[in-house]
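Listed below are the structures to be examined.
Below are two complexes that have chain A in common, paired first with chain B and then with chain C.
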Partner chain A sequence: MQANLKVKRFDPADEGGKTWWQEYKVDVHPDSTVLDSLIQIREQDDGTLALRCACRASICGSCGMKVNGDAKLVCKTRVVDIAPNGEQLVIEPMGNQPVIRDLVVSLDTFFSQIQRVDPFLQPDHVPEQGEYIASNDSMENLLTSMNCIMCGCCVSDCTVLEVDANFIGPAALAKAWRFTEDPRDSKRDERLKVLNDEAGGIWDCTRCLKCVEVCPKGVAPMDRIMELRESAIEAGNTNTPGYHHTESFYNSVKKNGRLDETRLAMDSAGWTNIPRLLDLVPIGIAAMRKGKLPPLIPHKSEDHKKVKDLYDNVEGESS
Partner chain B sequence: MYKHDVLIIGGGLAGLRAAVEVTRAGGDVAVISKVHPVRSHSNAAQGGINAPLTDRGDDWEGHAYDTIKGSDFLADQDAVEVMSVEAGDAVLELERMGVIFSRGDDGKLGTRRFGGQKIARTFFVGAITGSAILHVLFEQALKLGLNVYEEWFVTKLIIEDGRCRGVVAIDLKTGEIHTIKAKAVIMAAGGAGRVFEPSTNALICTGDGLALAYQAGAPLMDMEMIQYHPTTLARTGILMSEAARGEGAHLLNSDGERFMEKTAPDYMELASRDVVSRAEQTEIDEGRGIDGNVLLDLRHLGRDFIEQRLGYLQEVSVEFLGIDMAEQPVPVQPGMHYIMGGIKTDIDGATNVPGLYAAGECANVSVHGANRLGANSLLDTVVFGRRSAVHAIEYIKSVDDHSASEEELASEQVRLQALLDRPKGERVATLRNDMARGMTRGIGVFRDQSSMEGALENLENVKSRMSGFSIENKGKIFNTDLMFGLELEFMVDCAEAVVAGALTRKESRGAHFRTDITERDDDNWLKHTLVYKDETQEHGTRVETSDVKITQWQPVKRVY
Partner chain C sequence: MKYAFYPGCVARGGAPELYDSALAVMDRLDIEHVELTKAACTGAGVLQEKNLKMGDILNVRTFAMAEQMGLPIMVLCSTCQGVMAQANHRVKRDPEYLAEINKHLEDEGLEYKGTTSVKHLLWVLIEDIGLDKLKETFTRELTGMNMAPFYGCYMVRPSDALEFSSNPQRETSLEDLIQSVGGNVTDFAGKTACCGFPILFINQANSMKMVANHTGTAKDLGADAMVTPCPLCHLNLDGYQPKARRQVRGDKADLPVIHVPQLIGLAMGMNEKTLGLKKHIVSTKKIVRMAEALPSKV
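Up next, the complex of A and B:
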């Protein structure tokens, strides 16, 4: 079959660099991956095309790049699955990271994010002989995060990092989770507090799900971030807009059977946080002009008692 | 110019383990690697790491004997003893660093059984053991603030007065050439799988470390010992871990027969790798294969078990072949996987070049002899990575200062520029494929005089064309095209040593199975082959032999 690729090229040699699109057509085996196609181009057609790759078996994490707009490991992306009729595939370097050449990006930011979470075990004692005793379930639980191969796909497509370079990012937070959940680590509370308090920490994720969608190894970083939030709250970290937002959401639905959006905004900001409350004013005015301002006094839904029953049922079950 | 006490080439398990040791001892150390450490091929080790733990009823002699028997008695027994004795501490230390090894009900590390071993002593993390250990060693490197020259490609070792004094390397991100001076260099640059095609190895496994040492005068030992892994995925050549068979998978021929019964009635699918690969190839050659494959059958293990214990294998099988292992057997074939041969070292990792150490797949201590047991390669990396660091730290005490010479830098700059300036010629990939396919044809699961001479002839042809390949990319920044040309030169050196070793050994032993001389010959060939680079000789090689070290286990016939 024919693979039809349109590749975003970047040559840094010219001042400021030169970017252009280049189209390639190659005949490949029907089972070929996008990586096979790119290697074939590089070896038979255009030796100047730069990309990283090594294992070809989705374990080294080298070959992350964008295919038709989404970050993928191209060694495990078969051409036939995404272009069954020879459709053109658009190949670009990963996002949120500076391009070095063609499809090669700098991962310096990625690894500095990893550094921010103290990514190593911090036990309070080391057995002089033998191993730490831990349940198999507790170790298998960590596999989710240990499956991370640091390919950078989640960071590439993270919608928060697009606008806030200070966000620790999905990969590093999934790495942090690996230590807060490790029974051998002694710094769980300290780690959670830092992740909770730090600008760019766990509350900056917008839950867009993009990292879950593009992670090629099932790490589901956003799910790990949500678990970190829960753990942080359970550990007593209730000083954040994020926590107030969660609490307000919970209370207003329980009380009214529906969301009280006005109160949600105020609660999240904090009633004594005057600068943050003032920030809300222009948003309120804009919403009012468009007729979108939520009622200042919440309407109760007709069936709010049923909603309350639902709360009681669920909470009864879990307690 | 950069300077360190100890420079480690390679950021995989052997390199990082060595680096941790030097750092702990307070030494000034750096790692240099052509890829980021977490991209290293140690990642690909799936099944586990062996250790005989005495508190679990095991003993080091048992592991040592299984290893020696697996090696077809070519391993040096003093080296195997060191490895077996140190294995327990080495593995438990990895756990204490944070590796999430699988556990038993008592919360202690649990094991699975691996090939060629009487009992279960393989510790593991699902089917991603190598990756899980590599990432934890990288965590330790971050903790210790390890200095890493990341994506730097070493082009030459600096040898002065017979001693190794550093390297010349290209910083791929800038294209600039630098010298890094060191009082000692530890070579931990991995294997040479790409000398063959196909291979389970990553595209980066181009024998750089072996060739650099070989060019510097170190002999390469037992290079004819090439491991063909019994279970590589049809068509893709991707490794399917021995863990599958360790957990109970069967191998079937086209008649649905468990053919291992014929060659290894006791161990069945868990005979050593050379034995299983030969049995498979025989089935395929005699017409009982399925499109050049046999079948790996896991269906009886059940979906839950497969997904829990062998998750990565299921992922690969589904994604690359569309086969759900719980429903259907997977077609597999023997595939080039590992090179037992390598830079000859003593049990402290020292080579014959003072100041140059080697550990991991590029080295040959020798603990694997003519056939490596599964899950002994990871063990080899951490045990001898650490030992070479300990010895290098001692060695540098006798080295007064760094070399001040910049001669090598200038000559490498001239050489690389000349390579870039060559007129348009053959493509690097054309030469590489010609070389590697010829190697697989001639030095396969089965070989004989004529096939090996064919490999030699093919290689001579490739060598004669080496001055005519050209580099298309003339730029400086991230010029992988140039790197591939340099890697090809390294691969040709490795191929040369493989062929020289193979043609020298006039017997069948372990992975070196000759259909024209089918018996092992302990009277004449209980010996290592040592290949030296020597341009004054025909084919550029000089081959010597040395005796195998026997401590307490006399060679006996190998039966599984």
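Up next, the complex of A and C:
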């Protein structure tokens, strides 16, 4: 079959670097992956095409790149599955990381994020004899995050990193989770506090699910970030707008059966935070002028008392 | 065609024009509906951060109500769609967990058996009514109008819970709808990205950058309007567009962000009052005039 590729090229040697698109058509085996096609191009047609790969078996995490806009391991992506009728595939380097040449990005961004979360075990004692013992369950719990092969696909497509390079990022936060959940680590509270307080920490995630979707290994970084939020709150970190936002939402549904939008905005801003409250005034006035200010006294769902009972039941269970 | 109708908090709160325009369009399409007035909020993924099980109980309760009525659920919101699909996906593949949740619903005489489907109006239009049939209700073609799609995260992810592999049409539903009204699709990479709404009250600077980037990029590419199936995206992309564009790009808000039923309503020849188009923060006057200037089919 024919693979029809449109590749984004980048040559750093030209002043400031030169970017252009190049199209390739190659005849490949029906089972070929996108990586096989690219290697074939490099070996047979165009030796100048730069790409990074190693294991070709989705273990090493070297060949992350964008295919039709989404980051993928190209060794795990068959041409026939995404372009069964010879459709053109658009291949670009991963996003949110500086491009060195063509499809090769610098790993510095990725590893500087990983380093921010102290990615090593910090036990508080050395066992007198033998090794550190951890239960099987506690290790199985870590499997999601430990499956990470550091390919950078989640970093590439993170919608927060697109606007804020200071965000710790999905891969590093999933790594951080791995250490907060490890029973051998002694710095859980300290770690959670830093991740909670730091600019670019756990509360900056938008929950857009991109990282969950593009991760080739089922790490589901966003789910790990949500667990970090829950743990941070349980550990007493209640100083962030994110905490107030979640709390307000939870209580609003408990009380009304539905969301009280006005209250959510004010709770998240913080009732004593005058500048942030004032910041809500212009949008409130604009909405009012258009006749769409959410009601100040919230509508309740018809059965809101039943919802409250359900909450009481569930809360009684967990306490 | 009949649905258990779950409009969601925002259509009944901050974006009332969505509710009104949806009812008008549903009426025109003879879509019967029973509003689930006793159902609770889906939790929007936020409630789930604090207590996932609580969120699942509330959603399963809603599914059970619809199941008792023997009706599929129709929603108007990408977030409702996604959060409900995720809850449904979780309980359907784990009977033990479902049984545990059903226990909480016993008092209300509810038990979910796992048969309720949840469909956004956008999918109903394409999958249940069909674009050909839909087109028969249009009185004008919106020829020459450039529309940028903006899905809302939970309308496209996670693709397994949203059953994309068995419903590949869902991946391009919004583009297909825009083409069905005769409009041009202004394609741009941000169409499946985050609008910034979830962090509006948490990290407003980042949220504003997202709003400015998406609306500015679509405008630069020639869009006359943006169309979204998500009222939360609408709240941010419309309501905060003036601030975001000023702050981030130093320009003015100039891209109307319309709801799916408003797009259909314009093609059905409905007026701006019926469709609530005057209730937007960014003026929709220009696109209303464009639509009204187009010839009506006899």
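Quick note on the criterion: the second predicted complex is superposed on the first by the 301 of 319 C-alpha atoms of A that agree within 3 Å, B and C clash if a C-alpha of one lies under 4 Å from a C-alpha of the other, contacts with A are read in each partner's own complex, and residues count from 1 in each chain.
The rule is simple: a residue touches a chain if its C-beta (ideal position, glycine included) is under 8 Å from a C-beta of that chain, and two chains touch if they have at least 3 such contacts.
Because the structure is predicted, anything quoted here is derived from the model rather than measured.
Asks: Considering only the touch criterion stated at the top, classify A:Asp46 as touching first (chain B), second (chain C), both, or neither.
Replies: The first partner, chain B, only.
Asks: Who does A:Val253 touch here: chain B (first), chain C (second), both, or neither?
Replies: A:Val253 sits against chain C, while chain B stays out of touch.
Asks: On the A-aligned overlay, A:Met1 touches which partner chain: chain B = first, chain C = second, or both, or neither?
Replies: neither
Asks: Is A:Ile82 in contact with chain B, with chain C, with both, or with neither (first, second, both, neither)?
Replies: Once the two structures are laid over each other on A, A:Ile82 reaches no partner at all.
Asks: In the complex of these two chains, what residues of chain A are touching chain C?
Replies: 69, 159-160, 162-164, 203-210, 212-213, 226, 229-230, 233, 240-242, 245-247, 249-250, 252-253, 257-259, 261, 264-265, 268-269, 279, 282-283, 286-287, 290-292, 294-295, 299, 301-304, 306-307, 309-311, 313-314, 318
Asks: Show me the residue ranges of chain C that touch chain A in the complex, using the header's touch definition.
Replies: So the residues of chain C in touch with chain A come to 9-10, 12-17, 37-41, 43-51, 53-54, 57-58, 61, 82, 104, 107-108, 153-154, 157-159, 189, 193-194, 196, 198-199, 201-206, 209-210, 213, 239-240, 242-243, 278-281.
Asks: What residues on chain B touch chain A, complex-wise?
Replies: Counting only chain B, the residues touching chain A are 35-36, 38-41, 43-44, 55, 92, 95-98, 100-110, 125-126, 128, 131-132, 135-136, 139-140, 142-143, 173, 202-204, 235-236, 238-239, 308, 311-312, 315-316, 319-320, 427-429, 471-473, 475-481.
Asks: What residues of chain A sit close enough to touch chain B in their complex?
Replies: Contact set of chain A toward chain B: 11-13, 31, 39, 43-44, 46-48, 50-62, 76, 100-102, 104, 107, 114-115, 119-121, 123, 126-127, 129-136, 139-140, 142-143, 146-150, 182, 184.
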